[in-house]
Amino acid sequence: MNRILKWPMLGAIALLLFGAGSLFGADAAPASAPKMATAASVETVQINLNIVWTIVGGILVFAMQAGFALVETGFTRAKNAANIMMKNLMDFCTGSLAFFLIGSAFMFGKTAWGLIGTDGFFMNVFHEAAGWNWTFMFFQTMFCATAATIVSGAMAERTKFSSYLIYSIIVSAFIYPIAGKWAWGGLFGSGSAGWLESFGFCDFAGSTVVHFVGGSLALAGAIALGPRIGKFNADGSINAIPGHNLVIATLGVLVLWIGWFGFNPGSTTAGIGDIGRIALITNLGAVSGTVAALATAWILLGKPDLSMTLNGALAGLVAITAPCNTVTPIGAILIGAIGGALVILSVLALDKIHIDDPVGAVSVHAVNGLWGTIACGLFNAEAVLGTAAASTGLFYGGGFRQLGVQFMGAAAYFVWSFGLGMLLFLAMKHTIGLRVEEDEELKGLDLVEHGNDAYAGFQIFINE
Amino acid sequence: MNRILKWPMLGAIALLLFGAGSLFGADAAPASAPKMATAASVETVQINLNIVWTIVGGILVFAMQAGFALVETGFTRAKNAANIMMKNLMDFCTGSLAFFLIGSAFMFGKTAWGLIGTDGFFMNVFHEAAGWNWTFMFFQTMFCATAATIVSGAMAERTKFSSYLIYSIIVSAFIYPIAGKWAWGGLFGSGSAGWLESFGFCDFAGSTVVHFVGGSLALAGAIALGPRIGKFNADGSINAIPGHNLVIATLGVLVLWIGWFGFNPGSTTAGIGDIGRIALITNLGAVSGTVAALATAWILLGKPDLSMTLNGALAGLVAITAPCNTVTPIGAILIGAIGGALVILSVLALDKIHIDDPVGAVSVHAVNGLWGTIACGLFNAEAVLGTAAASTGLFYGGGFRQLGVQFMGAAAYFVWSFGLGMLLFLAMKHTIGLRVEEDEELKGLDLVEHGNDAYAGFQIFINE
Amino acid sequence: MNRILKWPMLGAIALLLFGAGSLFGADAAPASAPKMATAASVETVQINLNIVWTIVGGILVFAMQAGFALVETGFTRAKNAANIMMKNLMDFCTGSLAFFLIGSAFMFGKTAWGLIGTDGFFMNVFHEAAGWNWTFMFFQTMFCATAATIVSGAMAERTKFSSYLIYSIIVSAFIYPIAGKWAWGGLFGSGSAGWLESFGFCDFAGSTVVHFVGGSLALAGAIALGPRIGKFNADGSINAIPGHNLVIATLGVLVLWIGWFGFNPGSTTAGIGDIGRIALITNLGAVSGTVAALATAWILLGKPDLSMTLNGALAGLVAITAPCNTVTPIGAILIGAIGGALVILSVLALDKIHIDDPVGAVSVHAVNGLWGTIACGLFNAEAVLGTAAASTGLFYGGGFRQLGVQFMGAAAYFVWSFGLGMLLFLAMKHTIGLRVEEDEELKGLDLVEHGNDAYAGFQIFINE
Amino acid sequence: MKLIIAYIKPERLNAVKQELFKREIYKISVTTALGCGRQKGYTKSYRGVINEVNLLKKVRLAIGVNDDYVDKTIEAIKAGACTGTIGDGKIFVLPMEQCIRIRTGERGTEAIG
Amino acid sequence: MKLIIAYIKPERLNAVKQELFKREIYKISVTTALGCGRQKGYTKSYRGVINEVNLLKKVRLAIGVNDDYVDKTIEAIKAGACTGTIGDGKIFVLPMEQCIRIRTGERGTEAIG
Amino acid sequence: MKLIIAYIKPERLNAVKQELFKREIYKISVTTALGCGRQKGYTKSYRGVINEVNLLKKVRLAIGVNDDYVDKTIEAIKAGACTGTIGDGKIFVLPMEQCIRIRTGERGTEAIG
């Protein structure tokens, strides 16, 4: 036993091994009940493993912030690059604080009428230095930040920076947490379940709670702002406003993809064998979405467009997020493929109806968030996987019940997030202002809002 | 015990702790055999840890896709940046599907004559929702994708996009999996071992199976295509065609390096102490490769060239991949250093014999994959490390047996992958076409193949 | 039991489960002492979990190398981009070797007078193939590399490449390891504790040992070199030399942030519940630093400057690094906020006194490393967290003792690192030369030192 | 024949192009430029240093025209580029002795259009 | 003395340079440009929007020459840049009054070469 | 009126600007360019291939001036750009027929300053 004493840093392991009882639970009585003591230890190690995995998952989800920043920057013009970076950075920062101080209570506090949390404000949710709550809070903060950051892409290149900051606080403190309560409130403890949860609403990792909510807010933002100058002509025809850096955008998509392996498998918040399945299913959804988008774009547009294909990858990922724990590989491939096709059609359709979403946030997150939500009702195959006695998906003999619940949930989320988003953005529009001046938009937000030049020295046509 | 019930998400932990018996094996009989029950639990947690580590490793290997994309883009011209991104993205996507549906069966199915797997097609390799197979498949998919993506760099800036897609499907469905069967088939279960495995061929993490195979295919591709316009003059002299973004290329190398910590230590597919050793050995190989390449380039070329030094880092990593589990730190430093020098000499030599490999894929992956394979026969020091009773490396008293096997394996792999690659590329060349038109090559593949402009607005000399 | 045999790769798991006794400690006697055997197994799994977590942490810290490279490149001019990449790459490589061969012995060898390690040179610190030492060495190497790389930013755009290489070897072999010995030497085993450790100096993850040491060296470097041509006018007024790529710089900050989740929570080197707390605390420090820097810059400069805000994020991270294991969430928010404000003031002040630090390395790492060190003495709240019986922070009733020790430590570290740094840089200046010629500085180091062009083809004004 | 060179604000390029097209002037060449003039520049603050930027982003147009097109061209540029604010830019008219269409070898006034 | 300005296709630059060198014309200055001419542009489809791109990437050459070199220079540019397809570009010849070599202060025909 | 065009070394731009400002010449336009001249280029070695780079980075100045400013301008450029080493560059003086200030419509010598 002697050598072991050389290993530990800060005596952590020793504490664990010999002091595990006192640290992790009073029910472990080492000396008198060897069997229990042993059991407690195994349990402790598994809990530690869960914590390690969940923290790794949370870190990967944090990495998605970089992914979003890169995709949004790459898909827009050089003159707004610093501004978009700034928005992505700040929505995470203000959002983290807002969620920590307020939002987490709305989401995971004691539930009132299945709708809203009512206690735990100002961070009184922590009990022990090494307890699960800290890890849970870390992981959930990253999810909240993901929902909040989706919007910036749809509102890129024309939104006032100060208004965007206010938006991001409200989303993280209020709109997202309450949406989260409905489907996920029960994750934290008894008495905190949400109303949709009670109906058996299925959204394992957040196609609805994170992406559909974020995407609906993005839709509201794009509508409230109106299109960028030069996007649509007087005669109704459409101009392309090409993104300035597809290399960075592709990197962004790959970073998001990496992060998604924290987002979906991490949502077990447990280091168990299921994470392998969820990771594989997630990857199948993503690759099939990419291939389908490539094919759809190639057929419809004549050439395999990179930016569209990138959206296809994200579409597949968003679509598989809700059903990633409940469908089979073949289900994942189909869900992803449909998502990949949908995103192309949606991008083209939004252009047709003159909604200007520079990065395709609505098509990726709202449309495919919705599709993923519904796909649960169609493809859920719990019995095939062996995770439950009966499958709930229509195609696997589950009937229409689950599908109905999924539609109901989607409708509720749309009303909540699009509705509140519209209210919020219109309120800002008519008070502090939501959009920069025409002149400022032409010059670029980097210069006007931040006094910065993202690419000093590079010769760039900024008229484009 | 009460508080624990608050923690788990979806009851996962509870299931694990109390239902572990039924989940993971019928031989655990909790009630009647306490000792066994306990053993089963510890075993279960270790298996879970293995799964967590393997998934983390797989995610890191996936990140290498981003690394490859960045390196290849950075080392080539701006007018082909979107095309290279597209190729890297799509070879992963089509390859993932092909490997999942077909390739994995060739690689891990029941072995016929030690050469090829014969069952398990169309994904019937999954048994349980939380079983090991899913994790294994996830991890192996990422390895397959790595082998497939190596080629795109050597064939950059002149290959038809559609032909490249076909290539990548064939590699992932057929060429790589069968190569994999020979050395690694036995990883999956009894009756699946390959012929080289039976000889004791040593390739812990894939210098041969992944890198040498990928690099040999890259060589075939570069030869079949011929050099880029402007690379070699009529008088035989050589032109530099400088890469357009060394910042992105350096980032790519660092991302690959990060990913390699999943590639090598992850290849234990077990969360055990050896991963620390393998990580350290991997790092020593890489840093010593970098330093050696810097020195070699500085001496031979007069200046410390960044792109050469970057290749040196990758060379060190590729070379240490096969022996990373069997050599000592000093062995790793020597292997890396030789790799770093080799890659410079190889880049210069390929230029001399007019094989145009824009990113050095052949020098990095083929030459150093070979070197890593052989290095096992020289430096293997299992007895020194204490992982086996006798060392197999020549320098550590292991005689010539292992070295012989390594040469035999390398020869077999070269015949298989270079031979098949040559056949495949020539077949495409004479049917659907392998290379774009001269005119298109001059204009750049982004515009011609995808209608895209990777850097819209930036003023770039595209004649270069 | 049969199926389990299919899982393991290389028999690793089987070895673990049944051969654990012989692998991990002779004190486990499976057959005769069931209880001990079981205990040994649980212990083994926890140790494995610690190893997995520490390796993951080390990989994340390695990723910070990419982050530093991107931030430093982005904040400087395009004509020096390849040079900065090269420096960041090479200081890691030479530093890794130097630390492995020499530095680690100074840091973790048997201590003489609490000041310096005296044995373990040339890597004789390894005992077993799967032992902890390998993992520990991997993790510590990454820390050493972080300290070494900080300097390159402050010395950017004017330092001779060869001199920088020499500097980086000396830092990693000597300056950092001895500094590390003082506060962290005891981590490795009995008889290796440093003198500050004995005083109870608090620096959990390295605000002092890594960042303050690195930052003080950076200050010495910036002073020894003098400002870049064109930074300060004859009349004392200051010019902005804008960074050439704020997109890359922002990505760099996000990558550093990701890496910090390995840096701080990884410093437990144990997979235990505390990592969740440390991760959350780290994030709160970072977000609050960012918000505070944004606000400070906005108020003082009239516009929310991106590059300043990015420095704020790093400032929050550096400041929370020492106290991340000992403060409450509210403490973290305050520490981060003060750090965010400090960094802005410091950047402005350094400009005023004509010290040219192109990327703000001194303000981020020295100033906030110092602040983080002192913050321990003010905010440590061990009793509140429940990790110790009494809090040592002044604000939590701990009196002035800890604060005094923190100041003493900071002073000692400043004398050591700034003093030695100044000696070293001045010695180089008067022998081999520290700075490139004026003419070379104007042309850019990429061309002159490396013969490279980081952005071939791009039209860039290199006069700027 | 004349070569008309104009330095305009980048954000006016599209408008100028449209005005030129309206007047059936389809052939132009465009370059990025930095300009320094009466428009004293703006203050850019990078890392707290408030710098007077006196090289502003401009776009340079070059249009080869026959003599009878000179006024139309000037008019078009003015119509598209004039915002009435400082920094609108300048038009320079240079004499041109010869013009050759590379594709056909045509010369002179034939070649220009 | 004349200043010869040419707008050519970027992929022809190397060929033009070689033709010039063959004729012992070594001094040239090159700039990136966007051009709009008879070559109506191409359709670029970004995110499904098919846009007519009418500003194509071109390269602008500027060569100061003595009068007796004008024809040779034009010939060289034509030889290198002509592909016979639309968009090959234009050559403009401008009169030049003075030329000064900065290094030596030499002026006129001395200075040009 | 003249249009003065100069190709100089990029690192001399700030010095030239200062010399011009000293002489009260505030209006200039600047472009990036690549130049090829007596300065035979430098060898750049990318991946071991030692290439003669003969297109060096230069900066192009264009300054429209009234006739009485021509000498001052040339002097200023020489003062700022001359290092006495090969590659210092050239100044070309072109006749200019007309100059129009877009903002006001002023023409001729009025418009130039």
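All chains are identified by letter, namely A, B, C, D, E and F, in their written order; residue positions are counted from 1 within each chain.
We take it that a residue touches a chain if its C-beta (ideal position, glycine included) is under 8 Å from a C-beta of that chain, and two chains touch if they have at least 3 such contacts.
If you're wondering where the values come from, they're calculated on a predicted model, not measured in any experiment.
Q: With a step meaning a move to a chain it touches, how many steps does the shortest path from chain B to chain D take?
A: Steps on the shortest route: 2.
Q: In this assembly, which chains make contact with chain E and also with chain F?
A: Common neighbours, chain E/chain F: B, D.
Q: Tally the contacting C-beta pairs at the A-E interface and at the C-F interface, and name the larger one.
A: Answer by contact count: A-E.
Q: Where the CA atoms of chain D average out and where those of chain F average out, how many Å apart are those spots?
A: Computed from C-alpha means, the inter-chain centre distance equals 18 Å.
Q: Please tell me the distance, in whole Å, between the geometric centres of chain A and chain D computed from their C-alpha atoms.
A: Between these chains, centre-to-centre, one finds 47 Å.
Q: Can you check how far apart chain A and chain B are, centre to centre, with Cα atoms defining each centre and the answer in Å?
A: 30
Q: Rounded to the nearest whole Å, what is the centre-to-centre distance of chain C and chain D, using the mean of the C-alpha atoms as each centre?
A: Their C-alpha centroids are separated by 52 Å.
Q: Check each residue of chain F and list the ones that touch at least two other chains.
A: Each of 30-32, 34, 44-46, 94-95 in chain F touches at least two other chains.
Q: Quick one: which residues in chain C touch 2 or more of the other chains?
A: 38, 42, 45, 47, 49, 52, 56, 132, 242-243, 245, 301-303, 305, 307, 451-453, 456, 458-462
Q: So which chains actually touch one another? I want all the pairs, not just one.
A: Pairs flagged as touching, ordered by label: A-B, A-C, A-D, A-E, B-C, B-E, B-F, C-D, C-F, D-E, D-F, E-F.
Q: Show which residues of chain A lie in contact with chain B when the two form their complex.
A: 25, 27, 35, 38-39, 42-43, 45-47, 49-50, 52-53, 56, 60, 77-78, 132, 187-190, 242-247, 250-251, 253-255, 257-258, 261-262, 265, 267-277, 279-280, 283-284, 286-288, 290-291, 294, 301-307, 309-310, 313, 325, 329-330, 333, 385-387, 458-462, 464
Q: Touching chain B in the complex: which residues of chain F?
A: 32, 34, 44-51
Q: For a test of understanding, state which residues of chain C touch chain D in their complex under the given definition.
A: Answer in residue numbers: 238-243, 297, 300-303, 305, 307-308, 344, 347-348, 351, 360, 459, 461.
Q: In the complex of these two chains, what residues of chain E are touching chain D?
A: Interface residues on the chain E side: 2, 5-8, 31-38, 55, 58, 60, 74, 77-78, 81-95.
Q: Per the contact definition, I'd like the list of chain A residues that touch chain C in the complex.
A: These residues of chain A touch chain C: 1, 3-10, 12-13, 16-17, 24, 34, 38, 41-42, 44-45, 47-49, 51-52, 54-56, 58-59, 62-63, 65-66, 69-70, 73, 81-82, 85-86, 88-90, 92-94, 96-97, 100, 123, 126, 128-138, 141, 161, 245, 248, 449-459.
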